[in-house]
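Several structures are given next for inspection.
Both of the next two complexes hold subunit A, though its partner changes from subunit B to subunit C.
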Partner chain A sequence: MAKSRVAVIGVGETEFKANIPDKTYVELAQDAAKGALDDAGLGPDDIDAVVFSMAPTQFMGVNDADKWAVDSIWAAGKPFMRVHTGGATGGSALHAGYVHVASGMYRTVLVVGADRVAETPDAQHVLNLIWDLFYEHDFALNTVTMTALSTQRYMHKYGTTEEQYARVVVRSRRNALNNPYAHLKGKLTIDDVMNSPRISWPYKLFDICPRSSGAAAVILANDDITNRYSSRPAFINGIGGLTSTVFMGDRVGPYADVELSDEAEFVRAGKEAYAQAGITDPVKQIQVVELYDPFSSTQFPQLESLGFCERGQAQKLSDEGAFDMGALLSVNPSGGTLCSNPIGVTGLVRVADAALQVMGKAGAAQVAGVRNALATAIGGSVQFANCTILGADYV
Partner chain B sequence: MTRQESNANENVIHGEWHIRYKYSIGKVAGKFFDGLKQKKIFATHCAKCDLSYLPPRAYCERSFEPCDGWIEAGDKGVIEAATIVTAEFENLPKPPYAIAYVRLDGVSTAMINFVRELDLSNVKSAAERLKPGARVRVKFVDKPQGRITDFHYVLLPAQPRGG
Partner chain C sequence: MDTYILGLSMHPASAHVADKRLEEMVFDTARAALDDAGIDRQELDHITIAASDELDGRSISSMLLAAPAGGYLKDEIKTTDSGLIGLCLEALRIESGRFHLGLLSSWNKTSKAQFEDVMRMRCEPFYTRPIGLNMSIADGLFAQAVSDSYGISESDVNVAVQTSYRRARENHRGMRATVPSLAEIATSPYVSVPLRKLQQARVTDGGVSMVICSSTWLSKHPDHAAIARLSGLAWRIDDYQLGAKRLSGLEGFTETFGKAASMAGLRDLNELDVVELDSQTAFHDVAYRNVLELPDTCEVSPSGGPFAQNPYFCSGLVNAAEAVLQVAGRAGAVQVDGAKRAAAHGCHGFAQQGNAVAIFEGV
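Presenting the complex of A and B:
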C-alpha cells in the first residue's frame, strides 16, 4: 500500500499543432513545466525529483534529448529519469512519478515532456523501425497499419461499420472545439469522414490522428504539500498497467492469452486500478474518461475492456449518443488523441486533461459534477497498456 | 498520422541520420532462415505447453522453459487479421498492397506477410475476401535467399461450408 497519498496539484499544457517554429524542443518542455509550477503555486526549488516523458528520440532528431532538456525543466541538482514505453510513455512516466511520491521518497515530483512529431517527414518510417529486422519489419507495419489490422479483426467479430467509427471522429472534433490546446477541431459530418482519402482499410484520413508538437507537465505532491498548496486537487486513487508480447500474431486466434482486437490488456489493468480506487461500478462512479485514441477505432475495445459495457456494445451506445458530453459517460471532452497526438506526452496529456476535469479547471470542456475520471495510454505494438484513476476524494 | 511537408519559408536547420548496422541472427532465427532456403517454414515447439511459435522463439513465453523442439508448419493457414494499404508511407512499399497475420496449420501463433495475387482495385470487396477465417497458402519465390521475404500468402478459393 502507498505510504503517502498522491495528488495532482498542478497542470501545464502548451498548444498542440503541427509545427511550433518559435520554440525549440526544450523550450516547449519548459513552457509546460512553468505552466504546471505556476498552476500549483510552486517554484522550481520546491520540486524534489523529475520524471521525463519521452518516446522515440528520432521524431525530433536529437539523440536522447532528455539530457538536453535537463536545464530547461530545472532538473539539474535533482534525481532525474526518462521513461519510454512508446505511445504509453506519458502514462508510464506518470506512474513512475506516482510511485516516487507514494513510496514516501519524495514530497513533490514534476512529470514533464515534449514532442515534435512533425519535425521529420519520416515519422512513420521511424515507427516502422520499432519492428525487428528478422520477421516483421519488411511488411509495412507502422502505427496506422498495425491498428488497421486489429480493427479489421474487431469489425469482423462485432459487425462494426465504418460509419460507426466516423461518428467517433465527428464527436471528437466537436469536443475539441472546447479545448483551446487541441490540434484538430471543428464540425465534421459522417460523410466528411467517409469521403476522406482511404489510407489502410478500414481507415480513411480522418480516422487517423495528426502529427503534433507540444508539451505537457503535471506536479505530483504528497499530503503535506497538497494540503498547503491545493484546495481542489485530483487524487491519484488507482493505477494499473499490463504489458504483452511484441508479437501481435500471438494475440490472435484460439491460443491467444489476450485478444489483440479487444485491447484486452485493459481488463486486468483496469481491475487493478479499480480495486485500488474503490470503483465497483465504472458507469455509475466514473463521469469522464480520457482515452488514448489515436484512431477512431481505439475507443470501443477500451470502453468494453474497462467495463463500461459488454463486448460489442460500445458501437451501439456511441450511435445513441451515450458517450457525448454530459451523457452516460463523457468520452474525451478534450477531443482526445484523435485531435492531438504529441506521442511522447500524449499519455500525460490524457492524465492532465482528466485531472483538470476533477479539479474543475477544464474551462469550456468542463463536465459538471466530476468525482472520478479515468485516463489511459497505449504503446509499442499495442503492447503497453496503462490506466490511471483520478478522484475528487482520496480513497 | 497525416503527412506534413515542411514549410520552405521556415527558419530551420536541416539534418539527416545515416547509421549502419549488422544484426546478428543467432541460432534460432538461423535455423528458421536455413529452412526458408529449402522452402520450408519451421516453428519452435514447447512440449510443456504444447504451443508452437512463429516467428520461432528460443524460449516458450508461457512456460518460461526453452522451446525443446521444431515442427514444420503447414503450407496453408487461416487469416486472423488483414488490411489493404492504399496510401504511400515514407520508406514503405508503393501502394496498394495487402498484409495479413496468418496462422499456419499446426502452429499456435500467426505471422505477418503480404497477401499477393489479389485484385485490390476495389478496396472494399478485396477487404471482404481477406476477412478473418479466410484460407491462404504459402507461396515461395523461385530462389529463396533465407530471408522472411522469401515467401508470401495467396488466397485459396473460398470453400463451401463444411468443405
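Presenting the complex of A and C:
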C-alpha cells in the first residue's frame, strides 16, 4: 500500500516526426514540460522534483543529455534523476516518479523526456551494440531482426499470418488520424502493408515503427495538489515491472521461465499491477490499452499475457474488430508506437495517452466511458517489461 | 525514514580488474552483499541499478548487467546519474510502501573506458564541445573559482592530498597507494591550471551492492538485524552552464547537506560523527571542508574518500558504504570510535552539477 495517492494531473506532448530541425533537444524537452505544466495549471516553481526519461544517448550524440536539459526544464535547484531501461525507459521513469510522490516525500513531480532518434544515420547500428560482445554482436542482431525471430516463433505456435499483422498496422495508422502528434498516420489497406518492402521476414516496412523525434511529460501529484488543481485526474492505481534475461535462447523451450514469443514477462508484471489496482477481470474493467508496440507483432502476445484473451486468440479477435476504437477493448487509440517511436520517451507517451483517455482529454481519439486504462513499455531484448494502471477512481 | 541497510559489499578496489568481465564483478559484489545480509535472492521484491552506458561501453548496459546484479525476474529500474542517486531511487521505492526488500548495485570499470572522451561527449554540441571541455578542465575551473573565493592556497591543497592519502593508506578496502611527498605533488604536471595531476583522485575499478529493506520487512523477519538506518537523504541538480556562481558558490553542496540533516532530525551538522566526502580533487576537499565548518569532533573522510578508491560513477555509493560500516562498527582500521551518525556525499556532472547526501545512523 502506497503512503500517498498519486495522480497524473497534467500531460504534455510535442509533435512526433523524423526531424525537428528548428528545435534543439533541450527545447523539445522544454516544450513538453511547459505543455504538462500548462495542462495542470502549475508553474515551474510548483514542481518539487524531476525525473528525466532518456534511453541510449548515442542516438542523439550527447552523453547524459538530461544534464544539458536541466535549465530548460526548470529543474535547477531541485532533486533530479534520469531513468534508463532501454525501450522501457518511459514506463520506468513514470514508476520512479510515482515512488517520489507515493513515498510522501514530494508533492509534485515532473516526469519528462525527449529523443531525437533520427540524429543517428542508422539507429539499428547503435542497437547492435546492445548485445553481448562475445556471443551476439556478430549475429547481425538488432531490434528488427531480434523481434522478427520471436515473431516467427509466435507465428509457428499459433498459426498467425502476415495479413493478420497487416491488419494491426491498418488499425494503428487509422487510429493515429485522430492524434495530432502522431508521426505516421493514414488510411492504409492490408495490401499496402503486404506490398511494402521486405525488411526481415515476416516484417515489411510498414510493420515497423518510425524513428521519431519529440518529447513528452506528465505531472504527478499527491492528494492535496490533485484536489486543488484537477477535477478529473488519472490516478495511478497499479505499477508492475519485470526484468528477465538478455539471452533470447534462454526464453524458449520447456525450461524457460518466461516464453520469449509470448512476451510472458507481462504475465507477472500485469499480475502485480492488477492486484494493486483491484483488476480481477481486465476485459470488463479496462476500456483502453496503450501498448508499447514498435512492431505489428507486438500487440498480440501482450494482450494475451495481460489476460485480455487466451493464448493464440488475439489474432482472431483482432480480425473481428474487437480491438477497434470503442469495441471490446480500444487498443492504442493514439496509433501507438507503430506510429510514433521517440524511444527514450515512448513508454511515457503510452502513459500520457492512457492518462488523457482517463482524464477525458484525448480529443478526437477519446473513447467513451473510460474508467481504467493500461499503459505498457518494453525494453532491451524484450527483457524489460512494465505496466501502469490508470483509473478515474483511486483504488 | 523507514529505510534500513541489511548488508553490503564492495568489490576489491583495483586500478584495473583484468581477470573478470564487468558482469563477473557485478555478480560477485551483489552475491557478497546478499550473503552479508543473509538474504536469498528469491526473497527480493525489487532491484535498483545505478550505471552509465557510456562508461560501461554499451548502449543499454543493464541488458547484460541486470541479471548479474540480481535482477532476473525482478522489478528492476536503472538510474544513470551516479551510484548515490541510485540509493535515492532505492530509498524512494522502499519509502513508497510498494517495495520492502531490495538490492541496490552500482559499478564502474573505469579501466575499460576512455574516461575523458566519455566526459567530453557529455558536452552539448554548440558551446562547450567546441572548446573541448572535459572533467579535468571543469575541475580546473572549479579549482580556480574556489581558490579565489575562499583564499585556498596551493600548499593547503597539497597538504590535503597527503592527508587524504595517509587516511587511504589505512583503509584495507582501498588501493592503499603510497603517500606522495609534498615536492612530488607540487611538481606534478598541470592537467588544468591550477589543478595538478597528483591533486586529482585517480579513477579505479570497483562496485558496491547494498541490501535494503523497510521496517515492515524487518518486523516480519526478526531473525534479521539491520546494520544501519538511513535517516536523512537529499539530492539536487544545478545549472548546466559553468557560471562563476555555480562554480564557487557550492550552493547545491551545502543545501543538500542541510536538507539531509534536517530530514535526519539533526539540529545541525555538528551532530555528525563522520562525513565521507566525494572529493574528486584536493581542491574539492579543502573547499568542502571550508563551507561545511564541521567541528573537530567530526571525522572527515576517514576512509580516504576517492583517494582510497575512485570507481568514478559509484564513488558516492562507496562513501555510503563506508558510512554504513562506520555506524555499524565494521570499518576496521579506519573505524571512528563511537560513530553513531555518518553522512556520505556523492557528486556527478561537470564541476558537481549534481550533489547527493545520505545520513546513516547506527541501530
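Heads up, the rule we're going with is that the second predicted complex is superposed on the first by the 395 of 395 C-alpha atoms of A that agree within 3 Å, B and C clash if a C-alpha of one lies under 4 Å from a C-alpha of the other, contacts with A are read in each partner's own complex, and residues count from 1 in each chain.
Here, a residue touches a chain if its C-beta (ideal position, glycine included) is under 8 Å from a C-beta of that chain, and two chains touch if they have at least 3 such contacts.
All values reported here derive from a predicted model rather than from experimental measurement.
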Item to check | Per-residue contact with subunit A, leading partner among subunit C and subunit B | outcome: C
Item to check | Partner chain in contact with A:S200 - subunit B first, subunit C second, else both or neither | outcome: first
Next on the checklist: On the A-aligned overlay, A:L328 touches which partner chain: subunit B = first, subunit C = second, or both, or neither?
Outcome noted: neither
Item to check | Partner chain(s) touched by A:Q58 [first = subunit B, second = subunit C, both, neither] | outcome: both
Checklist entry - Touch check for A:V395: first (subunit B), second (subunit C), both, or neither? => result neither
Next on the checklist: Just to be sure I read the superposition right, which of the two partners does A:A76 touch: subunit B = first, subunit C = second, or both, or neither?
Outcome noted: second
Checklist entry - If you stack the two complexes on chain A, which partner ends up touching A:H156: first (subunit B), second (subunit C), both, or neither? => result first
Next on the checklist: Tell me the contact category for A:V252 with respect to subunit B and subunit C: first, second, both or neither.
Outcome noted: first
Checklist entry - Now for A:K67: first (subunit B), second (subunit C), both, or neither, which partner does it touch? => result second
Next on the checklist: Between subunit B and subunit C, whom does A:G380 touch in the aligned arrangement: first, second, both, or neither?
Outcome noted: second
Checklist entry - For subunit A, which residues belong to both interfaces, subunit B and subunit C? => result 58, 61, 245, 257
Checklist outcome for this item: subunit A partner, complex, touching residues on subunit B are 1-7, 10-12, 15, 17, 23, 25, 29, 51, 53-55, 61-62, 78, 80-87, 89-93, 97, 99-101, 103, 108-114, 123-124, 127, 130-133, 147-149
Next on the checklist: For the complex, give me every residue of subunit C touching subunit A.
Outcome noted: 47, 52-54, 58-60, 62-64, 66-67, 71-81, 85, 88-89, 92-93, 95-98, 118-119, 121-126, 234-241, 252, 349-350, 353-354
Item to check | Of all residues in subunit A, those that touch subunit C in their complex | outcome: 1-3, 24, 26, 50, 54-58, 61-71, 75-86, 92, 95-96, 98-100, 102-105, 126-127, 129-132, 239-246, 257-258, 268-269, 272, 276, 379-381, 383-384, 386
Checklist entry - Which of the residues in subunit A end up touching subunit B in this complex? => result 18-19, 21, 58, 61, 117-118, 121-125, 128, 133-136, 138-145, 148-150, 152-153, 156-157, 197-202, 205, 208-211, 245, 247-250, 252-253, 255, 257, 260-261, 294, 341
